[in-house]
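Sharing a structure here in structure tokens format.
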Amino acid sequence: MPERRDAEYLVVNLARAIRPNEVTFSGVNSVLPMAACVLARRAYDFDFTYLSVAGGVDVFPKKLPRSSTDPALLAGTAAIFSNADFYDLATRGKLDLIFLGAAQVDAFGRTNVSAIGDWAHPKVRLPGGGGAAVMMPVAPRVALWRSEHTTRTLVEKLEFITAAGKTAVLVTPYAVFARDPAKNERFHLASYRDDTDPAAIVARTGFSFEAARAVPTAPMTARERAALDAMDAFDLLENELPRVTGLR
Amino acid sequence: MANKIVSLAEMARSIPDGSSIGFGGSFLHRAPFALVRELVRRGARGLEVIKSSPGYDIDLLARAHAVSRAKAGIVAIEGGLGLAPSYRRAVEDGELQLEEHSCMTIVAGMRAAAAGVPFAPVAGVFGSDLLALNHWKTVADPYGSGKETVVVPAISPDVAVIHANEADANGDARVYGSPPWDRELTRAAKRVFVTAERLVSSAQLAQQPELTLLPGFMVEAVAIVPRGAWPGSLHPDYDVDYAAVEAYLEPGDAALARHLAAAPEARVFSRA
Amino acid sequence: MANKIVSLAEMARSIPDGSSIGFGGSFLHRAPFALVRELVRRGARGLEVIKSSPGYDIDLLARAHAVSRAKAGIVAIEGGLGLAPSYRRAVEDGELQLEEHSCMTIVAGMRAAAAGVPFAPVAGVFGSDLLALNHWKTVADPYGSGKETVVVPAISPDVAVIHANEADANGDARVYGSPPWDRELTRAAKRVFVTAERLVSSAQLAQQPELTLLPGFMVEAVAIVPRGAWPGSLHPDYDVDYAAVEAYLEPGDAALARHLAAAPEARVFSRA
Amino acid sequence: MPERRDAEYLVVNLARAIRPNEVTFSGVNSVLPMAACVLARRAYDFDFTYLSVAGGVDVFPKKLPRSSTDPALLAGTAAIFSNADFYDLATRGKLDLIFLGAAQVDAFGRTNVSAIGDWAHPKVRLPGGGGAAVMMPVAPRVALWRSEHTTRTLVEKLEFITAAGKTAVLVTPYAVFARDPAKNERFHLASYRDDTDPAAIVARTGFSFEAARAVPTAPMTARERAALDAMDAFDLLENELPRVTGLR
């Protein structure tokens, strides 16, 4: 069963991936990054642009919709920035940070969202990567999330590479991995949840990684806590955890 | 000006078995779901679904064994309701041949069809197994940058169906909010159909012609279908009916029959 | 939300000599002519104009010896006023290096830039001497149709300037009527500037966000310039001032000075 | 000096190129085809779609604007069909009939709208072909017009080929030439104005052509006459004749 703290850890650490003045984007099936963008807007002092797959620009709804494609993400927008427009923005390299989910992730931040088992005769047909294969190589930075942190989700070898590219961050309920997206390098453990430790992370991770730089994840600030509480969206976030990939 | 108004049943009948169909909208939003149900009611077979992000639509067609091929980038019910179970079963059973895309690769293919060229370049993709899986080709920049670029073949669905907020009898269709990919789809398809919430006069559309996504001369037929995107949303007219989506997801033929009978068009229209 | 409002003079100063500039609009319609005049007033030199159908704009810059290169498909004053005489002189004298396009080849190049790919396919062109003149390359359809297709290189102007009916302080810009190529231009350019008839609030734009052609986050600066498309038209606000265009076409420096002094922005604005 | 009948002959015979249910298009610098489309709407019983470069669909203004790009061609339109849209329509082969002007035309319906003299060092820099080079090969049919019919405008060899393609018709003030756009064939003289004859057309034409099928151009019908008179646009049409190409 997912715990509230799992979802909250994911949301806060996805929000922390956002840098001042960036143009960020969250797509379909992406309630956690949607929540992260709303949290960042409320908890952080810097400005950034939030585009959603629903077509709105800088829409931070009070009540999070169940769907990250919901027209609630159009409320009050001054412009409709539709799919072709934000895809082009991404492919010309002007979408600074893209949030993407995955069923499986490897040490290079590549993802499998296509199939478990042979692609042509899958044991489990997964949803597909959306725009990930196009976006991941062109976006300056990609932040991944995976709500299940186990050796079958964080793997040494993907069963299918749906997308590969400039992954900078991977957030799970227990840890934050990072890599330089400009280099062909493996993740290192950047930080871990305060109720775990690097050895425990190693044990539940299917790929090997360097942990020398790892520190406990900075505690949630009061403003982050307040923003999370204001969202009152745990039902949504909980829903997202077990169902999004069909793995459980 | 032609009167292109037809019933939903007539529209569904005019789409032959085996057609490739591009549906408008995305996941649970702004999609011509009433027409999808009508295809099920008429017992359609062998359809191809072409859509970056289908969900309820492809799942319903798979549940009714009406779809045998698909081009899609991501398939899910969404809204916290997880994968599309009938679609998943159809793919896993080999009943549905999937051509897996990356959303924008479908749109690039549609852009090529819309512009009358056989292929379109698309950024990214390198590193993905989709490149080899789909036998996509790469082209070296002939202008000397040395950059290799993936090109995808043109995609021209036999039929496009979008759901508009308003349409006139000529087929001019107004859309509020984000059209997702409806613009590209209607330019790429060989035949274009519109379902619309409301019939309006051309003069009403002329008050703000910039809001007309699709000019009528490109449209073959229009069906006026109030709540035609149900159980999905249509901005700004109505939200997702999650209870209905959850009821749809109950397994079994009885649940499916109840769902089809509960649809707005089944309760409002006499069947033509 | 940023306040990006600048004066017209500040905007003109922020465009360096030698820049390639894509102007919005077409011929005498919906073009940022006040900004073009301001470039002349600031004594700009060595500009490149990129526009499918320039006219008054490129002619004025040529008359002021401000433009040395151009990518264009058709150049004329239009409205029954014939060719652009200063542009013609500049090309015939070798002062202006023209890269002659076929309108859509510019737009295809802009689409490539907008999509982050090095080239774009474009239909037609075969049989035209433009193919060899511009050293455009062809690509054989890698999907086996055997069809050769012309590809043009990406075109990314250093600067895009469009004239909008309304803009907010963040740069969100609303356009009525046909934008010609303004959408493609603003997606292809490295820097995007807006001149606008009227300043409106973001809340006003949010009443009908579908009419916003250009979202503010893509915009560097906005200048509010009433009658900024003069002597051209701006639908639906005003028509072409043909008397002013004819006065502009009178030869000589005195006529040019009179024309510049008669412009709305010269009479309304204090010079920043 | 252009005569009123020159302009009227051009407009009527361009209008006669339009076929039932076609999608037609007139572009920039195209007052004569604009007038022809308005005439066809008023004088003929069949339906057709008229797209203009101004972005309107089926707009037939009462008073013709001076510019064929004028927003007057948006009045009452139910849709804005902008430049990228009608270009794509043309290049995917769904714009049935395209009207294009030229400075010089050859026997294959190819055009020069670029330069007189060497392109790189022109004696006269002409306006350029607009979208002609892209559109002419892909449109099912192209109707050309040339307001000056002399041996220097209708030539055996173009100084520069701006565009080549599926030309079906060429209208001048004195004659209508035709060819099968699907074949690589030369123009034949289809008809000639009733105050001239094939020999006179041969004398003023720089390319050779077959005249065996030529007949006098059908007289203007009463409805065509009435539509022309209702247009009351001779000033516009006259303006267009000498100035559009800069050749005179």
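By written order: A, B, C and D. Residues from 1 in each chain.
Here is the rule we use: a contact is a pair of C-beta atoms (placed from the backbone, for glycine too) under 8 Å apart; a residue touches a chain by one contact, two chains touch by 3 or more.
Fair warning: this is a prediction, and the values are worked out from it, not measured in the lab.
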Moving step by step through touching chains, the smallest count that connects chain A to chain D is 2
Listing by label each chain that touches chain B and chain D gives C
A student comparing A-B to A-C should find more C-beta pairs in contact for A-B
Chain C and chain D have mean C-alpha positions lying a whole-number Å distance apart equal to 27
Per the C-alpha means, the centres of chain B and chain C lie apart by a whole-Å value of 36
CA centroids of chain A and chain C: separation to the nearest Å works out as 40
Within chain D, the set of residues that touch 2 or more other chains is 56, 74, 80-81, 91-92, 138
Contacts with two or more other chains occur in chain C at residues 115-117, 122-123, 177, 210
Among line, ring, star, complete and other, the chain touch graph is other
Chain pairs satisfying touch are A-B, A-C, B-C, B-D, C-D
The chain B residues in contact with chain A across the complex are 26-29, 52-53, 72-76, 78-84, 87-88, 91-92, 94, 98, 100-105, 107, 122-130, 133, 177-181, 183-184, 233, 235-236, 239-240, 242
In their shared complex, chain C is touched by residues of chain B numbered 108, 112, 115-123, 137, 139, 141-143, 145, 147, 149, 151, 153, 175-177, 208, 210-211
Note: in the complex, chain B contacts chain D through residues 1-2, 113-117, 168, 170, 172, 187, 202-203, 205-206, 209-210, 212, 214-217
Seen from chain A, its contact residues with chain C in the complex are 23, 47, 49, 56-58, 74, 76-81, 85, 88-93, 138
Counting only contacts in the complex, chain D reaches chain C at residues 28-29, 31, 53-56, 66-71, 74, 80-84, 87, 91-92, 110, 113-114, 119, 121-138, 160-165, 236, 239-240, 243-244, 246
